[in-house]
Structure formats: structure tokens, C-alpha cells
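Below is one structure, written out as C-alpha cells; comments come after it.
As written, the chains take the letters A, B, C, D and E, and residue 1 is the first residue of each chain.
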Amino acid sequence: ETFQISDIRVEGLQRISAGSVFAALPVGVGDTVDEYAIRASARSLFATGNFDDIRIGRDGNVLVVVVAERPSISEINIEGNKAIETEALLDGLKGAGLAVGQVFQRSTLEGMQMELQRQYVQQGRYDAAIETEVLPEPRNRVSINIDVDEGTVAAIKHINVVGNEVFSDDELEEIFELRTTGWLSFFTNDDKYSKEKLTGDLESLTSYYMDRGYLQFRIDSTQVSVSPNKEEVYITANVTEGDKFTVGSVDLSGDLVLPEEDLRRFLLVAEGQTFSQQLVTSTEEYMTRRLGNEGYNFAKVTGIPEVEEGSNVVAMKFFVDPGKRTYVRRITFKGNLKTADDVLRREMRQMESAPASASAIEQSRVRLERLGYFSRATVETPQVPGHDDLIDVEFEVEEQSSGSIGASFGYAQDAGLILGLNLQQDNFMGTGKRVGINLNSSRYQDLYNFSYTNPYFTEDGVSRGFNVFYRSTDLSEVNVASYTTDTFGGALNFGYPIKETQRLGFSFGLSDTEITAGRFAVQEIKASPRLLDGVDDWFESTQQDDGSFSDVESIIPIEDLPFEQLTIPEEPGFLDENGDNFLNWTITSSWSQSTLNRGRMATRGTANSVSLEVAMPGSDLEFYKLNYRGEIYFPVTATWTLRLRGELGYGDGYGDTTELPFYEHFFAGGFGSVRGFESNTLGPRSTAAELYTTRQPVTGIDEDGNAVEVGGPNGREFGYVSRDGKLLVETLRDDPDPFGGNVLIEGSAELLFPLPFIKDRSKLRSAFFVDVGNVFNTKCASSQINCFDVDADELRYSVGVGVTWITGFGPMTFSLAKPLNAGPEDEEEAFQFTLGRGF
Amino acid sequence: CAGNDELPDIAADTGEQQIYEEAQRYLRSSNWDLAVRSLQLLESRYPFGKYAEQAQLEIIYAHYNGYEHEAAVEAADRFIRLHPAHPNVDYAYYMKGLAAYTGNDDIFSRFLPTDESERDVTQAKEAFAEFNQLVSRYPASPYAPDARARMVHLRNLLARHEILVANYYFRRGAYMAATNRGRYVVENFQRSPAVADGLAVMAQGYILLGLDDLAKDTIEVLALNYPNHPNIDKNGNFKSVYTLDGLQRNWINKATFGLFFPPTPPQFDTRPKL
Amino acid sequence: CSAVGFPGVYRIDVEQGNIITQEIADQLQPGMSKRQVRFILGTPLVEDTFNRDRWDYVYTRRNGLDVLAEERLTVTFKDDSLVDVSGDYTPAAFGGSPEAETSQDAGAAS
Amino acid sequence: CSTVQGWFESDDEDPTAPVKLVDIEEKVKIRKLWSVGVGNGQGKGLYKLQPVMDGNTLYAASAEGEVKAIDRNRGKTLWKTDLDTGLSGGVGHYGDALFLGSSDGFVLKVSADSGELLWSTRLQGEVLAPPQGNGNVVIAQTYDGKLQGLDAETGEKLWTYDSDVPVLTIRGTSTPILNGNTAYAGFANGRVVAFDAQTGGVLWEVRVAISQGRSEIERIVDVDGRMALIGNELYAASYQGRVVAIDATAGRKIWQKDVSSFSGVSQGFGNVYVTDEDGTISAYLRNGQGLRWEQDALGYRELSRPTPVSSYVAVVDLEGYLHLVSQVDGELVGRAKAGGGGARADMIADGNLLYVFTNNGNLIAYEITARS
Amino acid sequence: CGYLFGDQGVFRDKSEDYKKAPDMPVITVPEHKDSDALQEIYPVPPVENALLATEEFEVPRPTPLAAGAEDEIVRIQRLGEESWILVAEAPGQVWPQVRSFFASAGIPVARVDARAGTMETGWLALESAAMASRFKVRIEQGVQRGNSELHVLQQNQVGDVDNWPGSSDNVEQESEILQALAQYIANSAGTAPVSMVAEQAINASGKISIQESSTGESYIQLALPFDRAWASLGRGLEKSTFEITDRDRSSGIYYATFLGPQGEDDDGWFDWLFDSEEEHPQAGQPFIVSVKADDESNVAIFLKPAAEATAPLEKRDRQALLTLIKGNIN
């Protein structure tokens, strides 16, 4: 019988809101309902999945709906899972609609079990067993315990290719990624079966044959089976090789757009050659890219081999469909949270509202990565909806800090603790300008430098900048001849591109250098033997035959020391000849070229730079320094790269400066040079200073002839000792310090290899290296040791391994190197480490 | 093993009320992650208690203040999914908008003189879409006025970005690219103040492209709508700032190969100094 | 001299607009619909907001201030049918001489 | 610290671990008569190369290609030949010819007197079971689910039957039976099919098991083990399915019982013997009246095909132990160590002589006598 | 450092600029030119009141959902001689309980109008009464969201029996039924059934809310007649730890000083409103709380610091105090 509903009453609700129940009911107040409608509403309520039991009755004209809510899940805990993380399992369950707080249904329990089983079967764990247990909790809730026995992963025991006559089973097995259990399998897991890997292997098997002429190779069927105990997997592939084909004729058809011989240049397939699918695909690729450069972004080139009946010859037909000439509508950038839009846009070689060129777009992408502001730049060219010849170009970049504001802390063996506040920002405030405020102090050098460069002073890339610096170095600290230099100055610099990847640079600098030679300054700097300042009298004391010296007859002030008492130094030191304060203005011109694929940690391309720094006539010192630096990367395998690096330096004085000033000398050894040797220690040594011997006279005669304690009441006076008309000379014994030279020859070959666990190779680089190099001096002082003119067999070699890791503080590098032919004077240093300075 | 340094584990049986009070104290003392933890504890232990909904809302607030914007959006999404018809669901939409609006600015960025319209605009688009959800669904919500004001700001920012790019292309010499960017603003960003500059860019571009009659029409519209635009002189014709043979350069610049005192390229930018 | 700065500064060519050839332009017939013209000439990069019935196919290639190439073709419609084609490649059907003069390729003196 | 402990505790009572053997009271004496080595035995491909008996000679083959004819009495090798191809299926015998399957998909006919190769024909899939001959046709079953009929004289292909192979199967195929002009074969899709050997026409088809369950593993229903034909009754068993008695002429199921076996069925003493994958040996009454006895002392020891010998049934387990149970009540009565890493190949019984071919290639002859 | 951080300074605080973002009209195009290309790909939808708070923007806290710290579900409230039952459940849930009350008490129900929320009994003779009488129960939404109120009207069977009197003829009978009904509802709480009609008819969104005046000052909007509102505001102020020093009903003003949380150990439900642990900034401040009737069934309640107040009342604190008071009016 039917009745008209005056009201609907729902009873038994706990958590579900009344609103959602009323919404689920197909009937409402005022409807007339019959038996069928009531059953339909019960069904639709049940469909919500929230209720275990629904009873619908009548109370007069009020429809009474009594529901029993399904329990909700209070917690899910999983034990016994080792291979798959609990989170991963829970995520899988959430996907199957099973999570804490959800309504619990019997069907979802089976769904859950199947889901977990599926995850394990996918991992090749065919005999995994899963038990579930549901425990009721108060307030109509349930908790679910899952006990997993993961079983063992089925390992591949046997792979058999049936029907291969041309290539042997072992040869084919090499192609397969799936392998039978070998000794490395515990690590590479290559003996774990997975469907994807098998499909991949079958594809590489097919292309292996197709690339060697077997056009009609096909795989008839593959069988995968398990041993009864489900721990071993057996794979068999049944193939029909077909005959080997050679290429008969090759011709192009369709709308070539370019003259035929332009496109034919990209033809890798030639007559008489064995057919190779690989060559066909790469020909297609090169031609499509060439057409892309012509603005045909949607060009399609398909190579179709047509078999001439009955023969093993195939006629290759390349059909060219250029599609419509495409234009770029808009170029957008994504991910440049700090870098301004025009900093990216000015690197573009592709314009908006212009014909699209695939090579220009790719070039733009590489230029973005070469900036060094981004760790990665990718580009997509989606078609503009509604226009089949318009594309948008969407770049996405991932910014990396190209410098840091704030204190930087570094440690290097040669420089000790490097403390400094530096604001070396290549992308200052995202404007693309390079700003550097460096306030560094370390054991041997204090450097204050402010530099500003705008690489895009004009749209075409003419750069303009300046820098001012003050540097005071005390090189005695870092095993270089003991002298200190205080230099300050500044320079204006400009640069502009002369080709897509080459730039010229000019810099006009002015610098004032002051050298203070230490007391023990080496001979090359200050002639020896020399008088010590602070000792201003001498006395004659004759040596007795028992070796002692006679008493001092008289103390004579230094001024009236007869000249011939001094020994004449054979060679004047640099400071003697040129004084110790130089105001030079220098012009540096440089040519640089770079096709590196990444600003930092590049893996492909070359970079060379030649620079000539000339201290112009009219400066106190007139010298020039020529410097070449180059590096080139050869990809050896997909992941191994060979990097060759070289550096040459030559400097000399001209005009009235006889030699390259010693503080401008080249040094070698240590990081960035020949590792395995202590830094800056290779090459010529300085000769220790010779000083006139001083001694305290024991007793002395005062002017009126009676013995007196020389040195006066407050302390011992010093005086020079002379013997038979000559002041005695003693040489300092401290070991000779490296002095550098005016010729630098250096190079290294590094084999970059991937560390097994490291995925992000732009952050960490490891390499085996062979370093070679030394410093020479064309004008060795006669007494200088370890000083040679340019001589190949004096080059030092070392071999070792080094790792650089870019951390938050900047690059951290360490290397372990073994010198092969260290000279007697060279100081070796096997392990070298520096933080805050790259190599 | 070593117990992790979790929140001092609140005794299992502390009542719903105490945990909620605990969370309030952390919120008041701006201790955001502890607040989040106790609110989450409250929710998991009493998922259907009377504070559950309120706790979910306050988790959003705590995440946002703790600069964990993704987590705030996630919490808001969860609230919207669980309580689509909740009277306070507008708050969740609003917070999603705010999280996208602040994006990954840190504490300083509101002071730095960087111009957002120069930076990546995808963040602005996302924020606009989120606020749009709120304003179009709940025009009466107390948060709607603030959301709408931000939407207007975002739209103007997106329009300004187009003009900046147009200025670059004028400097670069790609006049058609600049014109089309101007046209894009005029055609798509009606009601934004950048439309005036869009028209000026179009006019200047057409002149440089030699399409004078198109330029004439554009100038007529510009003069009609923005008579006091800097590129319109008093009797309504257009002051062209770019010519086909580059910018005038003073003699010093010429003498020093263009390296010193370069002419500053004109900019179409009539943004009022706020 | 128009050189901004140092001699030999490398500047990229700035290409703008649609590339049209006489051969393509000759396919235009009066009365064609917008869709047909768009199929032949491609999407016009200059489609003015206020003159929907006029399409300009302008092509320029510049290096700095020197103009390397400049061609233009203007197509006007009247309620969706082609009425006039003018510019460097006036097609025969619109009174253009069969071999239209070649575009001025000579770049301005740098 | 739960993770660290997790590594060391062994899989607590993994339910499917092989049961430890327990000493039994030997009621039977198993004497080893002789043993002959045949090449490297089954090799690595989980093959099931089975020796075959013809009168007084036993023919056995090994995976690396060695074939031997051995005199049954004293185990003397009559002749030995090395076919320079890997072998995966064998040794079929009819008349004066032996039939072998190579792992590269060839069927070889070899002279039973000298081992000289007569012909070889290339098929598509691996031949994992001994091809059968009846004088004018040779039947070979391949691993890709096909059954091939070849001309006995020339080896030329006559007909091919193709069955659909499920995604995942148990390694190996069943051994076809050639009885006069009808051939019977069990397939990986859980069906047994009868053919007219000459023309390849299908006489009847019976479904032994239906694959159910969700994952690929649960859906395996291979009929892999050897079938048993006695008179008009054909017995076959499938993995995760049933043991079935079929009326061989009508192709009608007589009775069926649930079992999961991969090593095959045999019959004797009025019973049908089958070993389940969980290690129980069951004897069902041939007349379908149900189970006669069941022996589950050898749980999960991967038992081979139960082979009736004199009044006992012999099985070999994964460690190579030869067990004898009584045909009457299934009681364990004898045990001997055959070794050789187990013996997958079906054993051959003649009277109270039992020939076992171990996986590493030893063909051993045993004589079984009851203890007094 | 005005230059750096001031309004025109280099490091100007830009976070408020969005409030001044202009919204311009669409450009007019001369008629002979096409204008169909003009559109808005980022349209900004209209908003009801586009008024923006002028002070510095602060991330708003989620407003508290339901107040009512009291635990009992059912209470009888009196104002003058009028009394009614306040139930802490939505009208949709109370309605069926009233029906089952009459059914269990064997009282015949004559007319039911769920939309208006009224239920009328037939004429029944109570033992002590001289004549028959009948009752009319009216259910309406409570002041707070999720609450409801039950009003009972009693009529004796005398005189004009067709329509109901303004107030009950016999007050004792009315309160007797009231008590019984309240008791019945109190002990049938928990899994109370929900009626769809009642649920949808009487919206349960509460009669009280905080609005912002045109001048940006927030106030409490209360949908109750003046005298009812005056009474419940008084009780609400006391519960919100205000001490009423004086009141002037005719001009609708309460003089009250805010005492602030008196350090009772378990902080009140609303302590999250006051920032610092220690003394609340407004504690001890005198206030003027004025009640202004907008119409005969709506009032607006304003909170202003009294003349002699020492601490200024910022927006945040006014908002907090008003929310506190709002929570305690029911």
C-alpha cells in the first residue's frame, strides 16, 4: 500500500550527519511512497557504505529510518614488513579506501589483502603471505592488525632464447638487464624478475637484431614460469630471426622544404650497407631537428624500409612531412622565484612573435644553465590550442644559491682558518648583476675586495664593472720567501661577445704595491750579505789559536766602517734594483671561449681563455704576464667523463725592469695545480739570506783604556765581528722557501666517475686524476736551488683520487694523491682538504 | 631504543578538554609546531569529539604562521573534504588562498624592494585561483572582502608583468613581440590599470612596425580613455619615445664606445608611486 | 656610425613576424573565408584588437639597427570573405604583377 | 631496536618449510645393484630428462647432450653418443628409435642401436617432455603450449595444436601419451586434450581445473606431471586443482578430487597415487569410491612422481632420499639415500627393480625385497 | 630611519599595498572599431560588502564554533513571568523528542505544523483542573548555533476557543507541562532521532553573530526583542567575568568593569582570546556596553571604553571581548 510522507525521522545516528542521510534518500517529505520506493531508498542508503544495517518502517505518515552505523577504523598496524616500508603500504591502503577514520567494511578488508599481495607480487615475492585480524574497539570502532610474511624474492635461475642461430645465447644474454643470480646480484638485484624489465629486455633484443640487418626479426612468444617452491623464475623467449637485409636504394620524398642535398647530409643510411634500425631512427631524428631549426617545429620524418620480394635487399624511403611552419607566440618562465624575468629573457636566442627554431630554443636552454644561477633548466613547447602553427615556449628553472650573504667559514691547509664575510652574489637580488664584497682574513692573507659587474650593460651582452681591493699578504707563513706585500688598487673592466660562445675582455687597473722585506728576506729579494738594522757598531776581534777570540780592542760606530770590510754581493736583490714601492697601471686584455654545458660541475664542452696583463710604460715596474687556461670534457661512457685541464703562464719584465717582479711569480703545487705536493712549493727555491755575524763582545775597553763590560748598564750591545779586514758572514740555516718563477706549465687529466649511491651528480663529483706541472725561471739566480730553465723532465707528476661536494657553505674538496717523481727539494703532502674553495 | 624527542608525551588518558587547552596555550605563545602536534593528537584520539572540527581549523592557522605553507594547504584541503557544508569552511578556502599568496616569501621579503611582477608569476596565478574559489562560493564570508582586494592586486600584478616584458622587447628591438604583449594586456586584462600602458605599447609598436593606420586607431582609444597618459600630449597625439635608429646618445657615450653615461631606455610604466 | 660600442660586437639577428613567399601569396583568391586564408598563410602574428577584419603578415629581420629583411602583406576581409590583399607579394588575382619585385634585401649601410 | 632484531631471528615457523625426517622402522631392504653416470644430469634449466626402458636396455640422456644405452642387468654401457646440442626433453622411445628434444627447440630422432642422429626438425618452443612415437608419427609437446605432430620417417611437420598459455605457469610441461593412433596431452591451462595422432584433430577436451584467485600465482593450474593410462581410464592431476579420472574414449569425467600436484599421477593395486605439493601422498580408489589412504609424514619435501614398485610406492624428496610406502596402507616402510640433489625424473619400475635417475646424472638400479 | 623603512623608504613594507590596488572600468572603444576582443581572463567576482578593514592586516583566527561550556543539555530559563526550555540540540533533533513525549504521555496531538515548528494537543482534562485545557508547543532556534528553545502555551476551554491567547490562561499548568517535557528530553539525549522537516525548516544557525559597522568597528548583532536581549546580555556579561557597576535600562547602557580571568586554575574556555599569560591588558578597565534596538526583534550591542578608562582598546581586544560576551549570551 502507499502513503504520503509527512516527515522522515532517522534514528541511530552517531557520527554521520543527518544532512548526508537525508541527501542520500531518494524520497522526501510530501512524496507518496510504496513498497518499491522504500526498498529503493534502503538500497541507496546502503550504497553510501556507511551503514551495516538499515531498517525503514512507518509510524503513521512519518517514515522512520533506523540505521546502524558501520564502525570506523581507529588504527591500522602492520608487522613483519621489511622489504616495503610501512608508509608505502599504508599509502597503498589509502588508495584502496582504507585509512584511519574511514568507515570499515568487510569488502575493503579483502581489497586490502589483495592490494598488499599485489605490491609484493610486483616485487617478485610470489610466496608472500598476509593475514589480517580485526579487533572491535569501544565507541563502535575497530583496529586492524596485519601480519605479513614477505617470503623470499624469486630469483631468476635460467634464461633461454630459443631459435637464435646467428648470435650465441651468451651474446644475447649480455643484452638482457635481467640476469641469472650472479655474485653481484645481492647488490644489483639484477636477478629479480619484474615485468617491466622483461618487456624492456625484449625490446632491446629486438633492436639488437634490427640494428644488425634482421629487419624481419620477431619474438614469437615468451614464457615466464616459477619452480614449484616459487623461489626460482625461468624465462624463455622463442624467436624467429629471419634473413639479414642490406640496403638497396635510399630516397627522400614528401615536401623537403630544404634543398635535397641539405637533408641528404643527414642520411646515415647508405646503399650496400647492412640495414640498421638504429641508423634509420637517428637519421629521422637529425632530419627532424634540422627542419625544426628551419622553423618547422612539428615536422615528422619517417623512414619506411620496403622489402623487394624474394631478395634480401630493402629500399629505404624517407617520407618528410614538415607540417606547418611554426611560430612562437609567448615565452614564459617558471621557477625563477628570485631571479628577475629579463635576466632569463636576455639569454634567449628565440624571440616571441617570431618563427620557431628548435636549435635557438635549445641554445637558449643551455645558456640558462651556463649562467650558473640554476641547477637545472628544462623547456617544453606546447601547441597553442586552436592554432596548429603556434607554440608557446615554457622554460622551467630550479634556482640554486649562486653565492651567499653572510659569514663564510673555510679551512685550508695552506691558508689555515679562512674567516670572512663575503657577499659573493652572481645574481645579486635576482638582477643578474655580479656583486662581491669579500672581507677574508686567513693566516697569511687579509683581503678586502669589492667588485661589481653588470654582465648585460647593453642588451647584446656588453659587460661593464669595476673592483677595488686591498690585500696584505705575509708569505712567510705559507712557506714562501719571507716578505710581506701590501697592495691596494682598483680596476675598471669591460667585456663583449664576439661570437655566440666567445668574449673579449679589457681591464684598466691601477695598483700600488709596497714590499717590506723581512729581516731574513732571501737574497733574490734583498742582496746578501747585509747589515742588520738595529746593530750600529762593530769591533775587531782576532781569533786565537785556541779558537777563542781576543778581547775587543775598540767598538767603532758602523758609519765609519771601512767599505772594503764588506763583501760585495754578487747579485743585487730585486728590491735593491727596483726599490720597494711600485705604482703600476696595467691593462689586461683577455679572450675567453666556453661551450660548457653547466655553470658549475660541467660534464661536456670546452672552455679556454688567454689573457695578457701588461704593466704599462710609465709605471714603476714594467712587466707583462701572459696566461692561458683551458679545459675540455670527453664523455667516455654514459656516466664516465674524461676532463683535460691545462694552464700555461709566462711573465717577464721589459724596458728597465729586468725580470718579472717576484711577488707576481707563478707558483705551483697543491689544489688547482699539482696535487700531492704542498701548495705553492714547486719550482725554484730562494737562497737563504747571508748576514754579517754579530756577537756580543765579552769584555771591552772603554775609551780611556780600562776593561769594561760592553753593552753598558742596561743590556748587551751587539756588534759585527770581522776578521782580517772582512766582516764575518754567516748564512741562515732555515730551509729555502719556494720562490716561484716566471714560467708556469701545468695540466691534469681527470676521469670523472659516478659514485654508486649518488643520484644528484650536479652536487658531488669524484675523479681519478693525473696531475703534471712545475714552475720554472728563465733567469735563475746562480745560487738558487731547484731552479731550472724550462725543462720537460723537471715536470712533476702525481696521481690520485679527489672528491668535490657542493655544500651549503660552498664547495668542499679533498684529494689523496701520490707524487711519482718528487724532487729532493719538493715537499710532498698526500692528503689535502679544503672547505670553502673549489678546485 | 632511544625514545624520540617527541612532544612530552601527554598521558594517554588526558581528556579531550585538557589537550585542547594545551594546544591553545601553544597557539597563544606562538609555539606553532607544538600546537600542531597537540592538535593532531586531539584529532587522532577524539576524531569525533566536539573539538575535532575546531582543531582541524586551528591546525591550518598554526601551519600558516609557522611558514609551513604546503602543510597549511593540505590541512585546509582535508577540512574542505571532510566538512564541505561546514559554516566555517570559508575560513579553510581563505587560508588556502593566503598560503598560495605568501608562497615561499620569508619574513624579510615584504620589506625587500624586489618587484613581484618581475618574478615568477605562477605563484600569483595559483593564489588568484584559490581566492576565486572563496569569493565566488561565499561572497558573504567575512574573509571575502580581503580576498577580493588581493585578487585585484594579483590581477594587476599579472598585467604589469606583461608590460615589463614588452619594455624588454622594445630594448631588444623585437617590436612585434612587444606589440603583442601590449595587445595581450589590452585584450585580456580589462579593468587593470596596466591597460593604459598596454595601449601605449601597442601604439609605439605599430609605429615602429610601420603600421601607421593601426597605430592611429590605438592612439585614438588611448587618448579617449586616458587623456593624461604621459605619451599623450595635450592635443591628443602620441609622443613616440622609440625611433628606428636607436636612442639618442650624448657625445661622451659615443666617444667611450657607449660605455659611459648610456641613455636610459624609456619605460612604459605609469604605476602610481604608492 | 650606428655601432653602439666596440667594433665587432657580436649581435644576434632579431627575427619577427610571419614568413610569406610569393608562391604562397599567389594561392589567395578573392572571396576566400578567413579559415581558408589562415590555412594558406598561417596564423597572422599581427591581428589588431580594434580591426578584426584586417590581418597583417609583416616579416622583419634586424641585426642591431641594420635591417636585413623586411616584407609585409596586408589582407582585409569583409564579413568573412577576402576582399583585398596588398603589400610586397600582391598575388596575381589581386592585380599584382606576376613576378612581384623581390623584397629589398639590401641591408641599410651599417 | 626492533629492526635490528628483525634481521637475525629466523623466519619463525615458516609454514612451508620442509619437514625434518624422523627415523622409521625399516620393513624393507633396498639394495643398490649398480649406478652409471650420465653426463651432467638435468643441468640448470629445471629440466626433467627421463630414462626409458626397452626390454633389457635403459636409454638415458643428460642436459649437456650425452645419450647412453645401458644394459639393465649389470649397468654396462652399451653405447654412448654426444649430440652437440643441449637437451631439454627426453628420452622418448619407439621401435628402434629414440626421440629427444633440444633446448634450442629441435626434435631429434636417434637410432636406438647406435645413437646415430637420423633427423632433426626445428619447432618454435623449448621441448621439455620426451617426444612420443608410434612408428608413423612423432608427437612433441613444447613449453609455449603447442603440440606438434611430425612424420616419423622424415621429421617433417604434419600438424600443430596451439593452446592458450596463462601469464605465469609452473616450469615444465606434461608428457604426452601416444596409445595407438590417439594422443593425450595435458596443458598449462588446466585441460587434457585427446587428438587423432595422424591428423591432429581434437577428439575431446576435458577441463581438469579452473583457475581462480586474484594474483597470477593463485591462477596457475598447470597439468605438468605425467598422466597414467590404464585400459580406458586416463588419470591426470593439475597444480592447485584436482586429480581427475577420465573415460579415455568418451572424454567424460568419471570422478575428481581436489589436489595440487606438479609431479604427476600413477596407478597400481587398484589405487591412483598422487603427491600433493604440501607433501602428502594420497591413494584414491580407482573406482572413485574415495580416499584409500594418505601419508603426510613427508610435509613439503617436494616429492617426485609416486611410482608403484612390487607392493610399495616409491617417491624421492628434495634432498634425494628414496622413500617407500606400502600400497596397502601408505605406511612408511623403507628409506635410502639416492643423493644427487634429488631426482625429478620419473622413476621406472620393473618387478622389484627400481631405476632412479638423480638430478646430477646418476642412473641407479635398486632391488627391493621385504625384510624377513 | 624613515628613509629606509618609512612609507617612501627603500625598504618600504609592501604587504599592505594590495588594499590600494585599483579596479578600473573597461575601456570604451569608438563605435566604428571592433571591441569584441576585449575580455577578462582573470575576472574578479563581486563581494557583498567590499569594505576593507583599514588597520594592518593580521591573519585571522578561526572563530570558535559552538560556545556553551555548560554541560547539561536542558535548562529552563525565566524572564519575568515568561519561561521556556533551552535545549543544547538542533531543532531537528528536539522536534521528534517532543512528539514522542506526547505519545508516551498519552496526550493526543491535534495539529502538527513542522514548518512553523508548532505542535498542538487536543482538549484534555487534567485531574486537578476544573475545565479541559489544551497546549501548544512552539520550537524555535536557540540564540547559539545548534541550540533550540521550546515555548509552551496553555489555553482553557472557555471563551474564544478557536485561536490561541497571547499568554497562558493557567500558568501553573504551563510550567507543569514544561517541567515534564524538559525532564523527558533530558533523559532521552544521546542517540536522539533527527526529523528531516524540522531540521531543514528551522535553520539552526543561531540568532547571534559579530558584524562590522561601516566605520570598521565590530559589534554584536542579536535577533531577540529588546527586553529579552537586555536580560540575557546582563547574565552574559557576568558570565564573561564583567562586574556590572551600574545599569540604565531606559537608555540601554550597562556600566561594567572587566575583571579578566581571575587566575582560576583551569583557564576558562575562552582564555585563548587573551594573549599574555600574565594580567590581561584590559583587566580592570571600565566599559560602557550599550544595547540599541534596530527593530522590535533585533538589537545591536556596542562595547566602548568608559571615559575614565586608562588603557586604549585596540581592534584585537575589542574583537576578543565581544567574542567572549557573544559566547555567553543564550
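Please note the rule applied: a contact is a pair of C-beta atoms (placed from the backbone, for glycine too) under 8 Å apart; a residue touches a chain by one contact, two chains touch by 3 or more.
Computed from a predicted structure; not experimentally measured.
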item	value
Both-way neighbours, i.e. chains that touch chain C and touch chain B	A, E
Partner chains shared by chain B and chain E (touch criterion as defined above)	A, C
Closest chain to global C-alpha mean, per-chain Cα centroids	A
Chain pair with the higher count of C-beta pairs in contact (A-B, A-C)	A-B
Taking each chain's C-alpha mean as its centre, the one farthest from chain D	E
Mean-CA-position distance for chain D and chain C (Å)	83
Geometric centre distance via CA averages, chain D-chain B, whole Å	76
Distance from the mean Cα position of chain D to that of chain A, given in whole angstrom	61
Between chain A and chain E, centroid-to-centroid distance (C-alpha), Å	64
Touching two or more other chains - residue numbers and ranges from chain D	none
Junction residues of chain E - those touching two or more other chains	29, 33, 37-38
For chain B, residues that touch 2 or more chains besides their own	112, 172-174, 176-177, 179-180, 186-187, 217, 221, 258-259
Chains touching one another, given as label pairs in label order	A-B, A-C, A-D, A-E, B-C, B-E, C-E
Complex interface listing, chain E residues touching chain C	29, 33-38
Residue ranges of chain E in contact with chain A within the complex	92-93, 96, 112, 114, 191, 193-200
Chain A-touching residues of chain C, taken from the complex the two chains share	4-6, 8-12, 14-19, 42-43, 45, 64
In the complex with chain E, residue positions of chain C that touch it	49-53
Chain B residues touching chain E - in the complex, by the definition given at the top	21, 24, 27-29, 50, 53-54, 57-58, 60-61, 64-65, 87-88, 91, 94, 98, 110-113, 128, 132, 135-136, 139-140, 142-156, 158, 186-193, 195, 199, 217, 220-221, 224-225, 273-274
